[in-house]
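The same chain A turns up in both complexes below, where it pairs with chain B and then with chain C.
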Partner chain A sequence: MGSLFRSEEMTLCQLFLQSEAAYACVSELGELGLVQFRDLNPDVNAFQRKFVNEVRRCDEMERKLRYLEKEIRRDGIPMLEIPGECPEAPQPREMIDLEATFEKLENELREVNQNAEALKRNYLELTELKHILRKTQVFFDEHEGGANTTESMTRALISDDPNRHMGHVQLGFVAGVILRERIPAFERMLWRACRGNVFLRQAEIDTPLEDPSSSDQVYKSVFIIFFQGDQLKTRVKKICEGFRATLYPCPESPADRREMAMGVMTRIEDLNTVLGQTQDHRHRVLVAAAKNIKNWFVKVRKIKAIYHTLNLFNLDVTQKCLIAECWVPALDMETIQLALRRGTERSGSSVPPILNRMETIEDPPTYNRTNKFTSAFQHLIYAYGVATYREVNPAPYTVITFPFLFAVMFGDLGHGAIMAAFGFWMCYKEKPLQAKKIDSEIWNIFFGGRYIILLMGLFSMYTGLIYNDIFSKSLNIFGSSWRNNYDGSTLQSNQLLQLNPDSKDYLQYPYPFGIDPVWQLAEANKIIFMNGYKMKISIIIGVFHMLFGVCLSLWNHLYFKRRISIYVEFIPQILFLSLLFFYMVLLMFIKWTTYGATPGHFGSQDPEIVKTSAFCAPSILITFINMMLFKHDKNTRPQCDDFMFSGQMFIQKLFVIVALLCVPIMLFGKPYFIMREQKQRARQGHQPVEGNAENGTAGGAPVPASGHHDEEITEVFIHQAIHTIEFVLGSVSHTASYLRLWALSLAHAQLAEVAWNMLLRKGLMSNDYQGGIFLYVVFAGWAAISVSILVLMEGLSAFLHTLRLHWVEFQSKFYGGEGYLFQPFSFEIILDSAGQAEE
Partner chain B sequence: MKGCIFNIDAGYLEGLCRGFKCGILKQSDYLNLVQCETLEDLKLHLQGTDYGTFLANEPSPLSVSTIDDKLREKLVIEFQHLRNHSVEPLSTFLDFITYSYMIDNIILLITGTLHQRPISELIPKCHPLGSFEQMEAIHVAATPAELYNAVLVDTPLAPFFVDCISEQDLDEMNIEIIRNTLYKAYWEAFYDFCKQIGGTTADVMCEILAFEADRRAIIITINSFGTELSKDDRAKLYPRCGKLNPDGLAALARADDYEQVKAVAEYYAEYSALFEGAGNNVGDKTLEDKFFEHEVSLNVHAFLQQFHFGVFYSYLKLKEQECRNIVWISECVAQKHRAKIDNYIPIF
Partner chain C sequence: MAFVTELPYRVALSDGDVHKEKQTWETNYTPIYVMTTIFAIIFFIGPFAIKKGENKWIIKTCMMLASFFLWLFWVTVYIAGMNPLVGPQLRNTTLAWMAHTWV
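== the complex of A and B ==
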């Protein structure tokens, strides 16, 4: 049996590996990705395991690679993707080579960086000095200019000096550069600490300078401080130091300054050439590294993953071999054996590894093989709960029912086509889109569900055709079966007119596919007609869906050999559901086939014909309620029958009684059988009996000790009561719940109609050329609303409702969902997740 | 009523903080940590906790100081994140928390300059939470008055410093007095601020701050024995917002030796218990450790209530304790001195 219907059969295996061959074997298994290893030393600390040193070396290598990558990114050098196949995990001895390569690269790079930083620092200092010389020139010019503010202030400062002419010459000064944002605090502090006895001038450097340690662009300012006396000098210098201002010597005489500026300029020139060479060297190193870096990352990560796995293994007493326990799919034993043999050959070991099957009472993990088409659907199921081991997997049925139920709610040919086109585009461009690795979470959700979207779109187009609904309008493909025979004046003078099916208005044969487009014109009763149709359809689909769910539970019972459950759970459940709700569905069909407005009935006064006319058709809802209450209403119309068919009353009473009788069977049946069995077993003295599979496991569960009987029985009773109540109440509420199919479909149709009437119709009403311009604008609005609200939002809401119908209404009938997922050791998964974490 | 509108401004941050709190190491983690043979082992184990890859980019021979720096860096980043997203009055509350680090930094820098250390050597030792713009120029000042006028007047610490201006010059003794006066003013202001916020915040924070104040008073008293600090001066340094105020503080002011301090603590149930188990013998826990333990339990209790600011304070303090623990364990591991490795203070 294909594993699509059930999860794969798993076996627990014990694996004996030669110490020398273990690495190669695990590497082969990692490429295969079919084996889940179990941790055999869970209480050993991470750092006390055997291969912790190797793991640590890999960590170290990864750190170096990350450093390299950071540097490569900083220089904007493109990193080459790995061409073709992923590199295999290298041999352990290759690890030393790799380590050496990385070590060398890192050291080289660090050295280059250090040199570059020193050079840049030098360069920065020189540039700052250049700016200082240039800006201070202005200060000094002003200073010497004579009768300006500077002059007057210096005079005020030294007013007690008798020799006024020499005054300003004795002023000391320091010049430096400071971060621009620190200027206000710096100025305030200077003022406070020196009691206002200093004079600060500052000018901004327009071009940003590069900070050598972080290579950020920073803005700085040049300042010059004038003061008098040595004490103030030390104080000013201390403050400058505190604010990390760099001070530069600045000669007093203009000639010296000019000379110095010249010297600085030449040194900057020299430095520039050296800096360029350093950068070139760095670039060469990085370009060489960028070619291989992805490849190295993959290698290192593979080695690390292998050693992590080896850490899960047990060492046997002789230290000669490693013992592993693993879950493997039973069907893949051959492939795994082959991989192990390959691994042994590669390592050159002579002793083949041994793969032993083990008996276990543990629940194996759930593993469903998927392809790119089914995996999205399988994930929808897993999102609710991972299937119990080997239970029926609803995913294959979901592939069809999910898009179908969605389409019932989203039935519109136009919107469906948009959705299908989007889905088709994603499927068609699958490979290039996948290779792009787009980060956006929303995009990834859409892209992951591309096949679901495509199917949902296609199914919506189909239901849209059935509803005859395209952007809230109808298509008249085959020609309507109705004709208008009223003359012009009648049409002019009447608001509402009826078409009589029992006249020439109706061509006597129905519209071949879907709803007749004539209903588009029926403003008064279109909604009423569609509601009746869609509601009944919803209930019919719902009841079939649920019945199918209950039937799937039979497969589960048969597979797990739960004989009693078939008799006291499955049979009563299916009886209950079909006698009440499937009967209601039958009534709908009877009503559709028996009653009609076809000619020969309508105008006729023949009592037999009147009884089968639409005039006499009973309400299904009222009939069903009466059935449950055991009463029957006299038909208010004297010419009609009370019943739809003869013996209806008797059959209905019988059905209800049988259905109600099923409830106590569901409630007490299973606990009773379990109790009886336990008593028997107690009498026979704890001999295992044939039917102990009630516990749910197919394997032989241990016989419970007799001391726990009472508690267990009450537990079984409570459990069963909950299940019964859930089923009985559930079948009512779940049936009603399927009405959401109708409700959402109605809402969608109405919204689409509002969008059409409020927007596009307004744009189409005008006749002259302005109408064209207006239409141009209005169409944009209508299209935007159609896509954003009607396709995206409505689509999302319909999707969620469909999900609910599957999780709750369908799966509650058979799905346990108590398993855990099979997580194989696979390089592919490990590399993917490592790559994602990095981004 | 306050609880209802608490979440508008601080709900997100409280949630964030509680999330951070869940990352605090458990007893089982410590049990694993103390088994480490080398610092590499320690790093490997910390990778499995909430610290994640915080040491992943450090080159291999790890030193304890790198671990310390990285631990602190992580904590500071978290705290700054909370601070940057906060609004009044929470932002003031968080600022208040940083003031104590500022005080520590100032004292560190003054002491450093007193011992003729270059400022560039001292700056890396300062706690990043307590750094402020004028900090590095602190060595300009030679007297407390200058310190106030030139440096501190623009910082939020200015109001706390007013009491210290009268001190004559900066020597060892005076620095210690300045520190304690600053702390006294700080605790009292913080206490008043929490009272003013009211509600659960006041309930929780006043409890913690009262303990801090009392601890300081007791430690000042014990440390003052055998120094030239007069009893009057000593009494001036006691923060007056604790449970010891006023009778206990008066009694402490009169105390002459350790036994008398113990006798004073006898009157207060929670403190007498701390003195009970403390001793200086090998294997005994010191009084300081006892205080730390009590602080941890108070801070853990802060998380039992919701809709208050105490969680932010408590989180920071618990995390600091955790950093101290990890550093302690790493020191023991690095120095191969395993006898005292169990002297950390478990948090959960």
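== the complex of A and C ==
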């Protein structure tokens, strides 16, 4: 049955492919995505496999493509997404063409980049020279001015001798450019090394310059150093080298400088043109590449995947045929045969591939065919453990129970509506949102669970209607069942008054849908009333959920032909749970229907009526505890009965005794039968072989005989003891664990009430124009808190608790969860994961 | 908590009694029948309405599970509210408003 009820039937198949057809066939199977190949060469090194060369070539191609992609991204050119279908894996001979194309592109790009760098370096030098020529003009002017210079250092260098007026001719100088940050250290070094005999002038270059190798914008300064003599010259030059300042030849006379400046300007303009053209060329190359690059990526990845898979195959003795072993879903054999035939036709080979089943005792992988709706729920289940092969799958039931249990904890019509609207938007705009390929991981988590969120929101709206809670207010749709009968003077003299159900205050029929709206208005005992109700509903839901889980184990026992397990495991488990906890549920219903006001006889003191009034209502918890302890307390109130229905004591004793008897059956039943079976088999070992078949199946024993022979009896006992203790203790603790449904819904309701009372209520109670503005601001705060704390935080919390309830309380009743996942060879999966990895 | 000295509304007293006298005090089981029928139709008959499609089985399972749990939730609230053992404790202003608006 190809449904979600249990995982699909898998067969191990052997595939014989002709070497020429192998590539095409594997390509077809990759598109299909239904086959999981096994590694037939596990002990062969990766470098010794048959197709290692091809894989290496693919790696090279991928590297070149990544380089191209980096360059394209650097220039900010948009890469065209693949329109429509993914391209198919190209033929092996096309691979050579692809390699050649990539090689050419890469070389071209590298060349262009190198040229551009050289040109930029040149450009930088010319620009620096230009700045130097401009700035040093100022230095020399000041120098020649002489009279108005305030630099005492200049005076010191120039001889005081009036004869030597043109003293600067004897001074040597070097001019250069240095990074601004290095100037102070540079100055200090010069001062120390040359003992103050050199003179440095510097001026900042206003515009930042582009560093050719790193493409950063850096700020530099022009400097000029005056010194006397050759020794100082060498020293200065060495220091400049050390600080990586570039020195430029600067002519002394102003005329030369002007000529040089003009030359530099022309050269800069020329360089600019050349640089522009280089960049254009690069841009053109990249744009042309950008059109196809995604396409190429897909093709190269597919080729690599195919060769990786081919590496898993075995070459047979004749060297003409490749042998593969693969896991295949039994229902898909036809589709796979068709795909193989297509592949053989495409490769033009004459020999058809052979696919035949193999018998095996290995455990097959677990495969569940899900669609976009059910896959999210299936993932929730798999996160805890993959189902054992052909075990009952809890996922289809999770589709309803998960949102329902969430809603019991979340129950608010308003918040549920917000959540449902969000889920609906995501599901409605599914395709456009998917095409956008948004990067954020949080968004992807929410988007992946869009159907879960939608369902959770819808169920929360229902439970919100039943809890009668919309943003902590109640709705009065059908008319409340409570009335006020106090007169004016009573009201005036008492601040708080309580309504009595045993009077005309209560109309003796309940609000038809949900909790009466009056309870939201109640002052002190709203929480007390809701607690009593919510705790009981949590236990009721919990008991039904767990009983459902135990019933699912019956299907497992039937399928795996464990008839003994039905008698010694399933039946005792059901009895134990029902006789104790389902009985408690029944007690709750009995208490609800038996005790209360008797209409028409309000406040009566008639002993019969008192016995069924609220005065005599017993506590279910105490009743249950007394039942387990076999205690029989006399009721402290003499007017009341000791029991809720006649025969209660006898029935309770009977139930407890039967439930306790179930425990040794669970503990010793299975080991006893296994022991008996092993003795039978030991006896059969001495008997003739023909008798074997009949005796083997007579006891309904588990089928594969080879495994159980060697199982130690002590192991079986311990195993069974663990299971029994887990179940018995678990039944109590899990039942109590379902009380978290009550706890979280209480927390949610209280948080909503606090948000209302502290924020929006104060805003709504304000008056006049300033009240309007106040309300505007307060509403923003209330809305922010409602969404962030109540919807997001509480939603996340309730989600987590629901998940725990499913994983532990529900699944421990029947789930094995010891399988491994079916991971088919599928191009879709490979491309998806590759696409995510690079982002 | 506001302590009211002058009640804003006239508290209805004797008019109500005549209305209430006419009321029968039997337990009203109609809502249970109605809701159980609705959910029972979805639970028992709904699955037969799904005939085509490859997701038949899971749609049927979902319908049955959903109708059962939603019905269970509603019926528990109803039965719990049928015979309340305590009544709400309300402020006098709320009671006065109740007397005025809820007839």
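Quick note on the criterion: the second predicted complex is superposed on the first by the 762 of 839 C-alpha atoms of A that agree within 3 Å, B and C clash if a C-alpha of one lies under 4 Å from a C-alpha of the other, contacts with A are read in each partner's own complex, and residues count from 1 in each chain.
One rule holds for everything that comes next: contacts are C-beta pairs under 8 Å (C-beta built on N, C-alpha and C of every residue); 3 or more make two chains touch, one makes a residue touch a chain.
None of these values were measured; they are calculated from a predicted model.
Enquirer: I'd like to know which partner A:V408 touches here: chain B for first, chain C for second, both or neither.
Expert: second
Enquirer: Which holds for A:I537: it touches chain B only (first), chain C only (second), both, or neither?
Expert: Once the two structures are laid over each other on A, A:I537 reaches chain C alone.
Enquirer: Between chain B and chain C, which makes contact with more of the residues in chain A?
Expert: C
Enquirer: Applying the document's definition of touch, where does A:F47 land relative to chain B and chain C: first, second, both, or neither?
Expert: After superposing on A, A:F47 lies in contact with chain B but is clear of chain C.
Enquirer: First (chain B), second (chain C), both or neither: which does A:H283 touch?
Expert: After superposing on A, A:H283 lies clear of both chain B and chain C.
Enquirer: Who does A:F243 touch here: chain B (first), chain C (second), both, or neither?
Expert: The first partner, chain B, only.
Enquirer: Residue by residue on chain A, keep only those touching chain B in one complex and chain C in the other, then list them.
Expert: The overlap between the chain B and chain C interfaces on chain A is empty, containing no residue.
Enquirer: In the complex formed with chain B, which residues of chain A make contact?
Expert: Residue positions touching the partner: 45-48, 52, 55-56, 59-60, 62-63, 66-67, 182, 185, 188-189, 192-193, 235, 238-239, 241-244.
Enquirer: Quick check on the complex: what are the chain B residues that touch chain A?
Expert: 32, 35-37, 40-41, 44-45, 47-48, 56-60, 119, 133-141, 146, 149-151, 153-154
Enquirer: Applying the document's contact rule, which stretches of chain A touch chain C when the two form their complex?
Expert: Within the complex, chain A contacts chain C at residues 1, 3-5, 371, 374, 396-397, 399-401, 404, 408, 462-463, 466, 479-488, 491-492, 494-501, 504-516, 518-519, 521-526, 528-529, 533, 536-537, 540-541, 544, 589, 592-597, 599-600, 614, 617.
Enquirer: Hey, which residues of chain C end up touching chain A in the complex?
Expert: 1, 3-5, 7, 11, 13, 16, 20, 23, 25-28, 31, 55, 57-58, 61-62, 65-66, 69-70, 72-74, 76-92, 94-96, 98-99, 102
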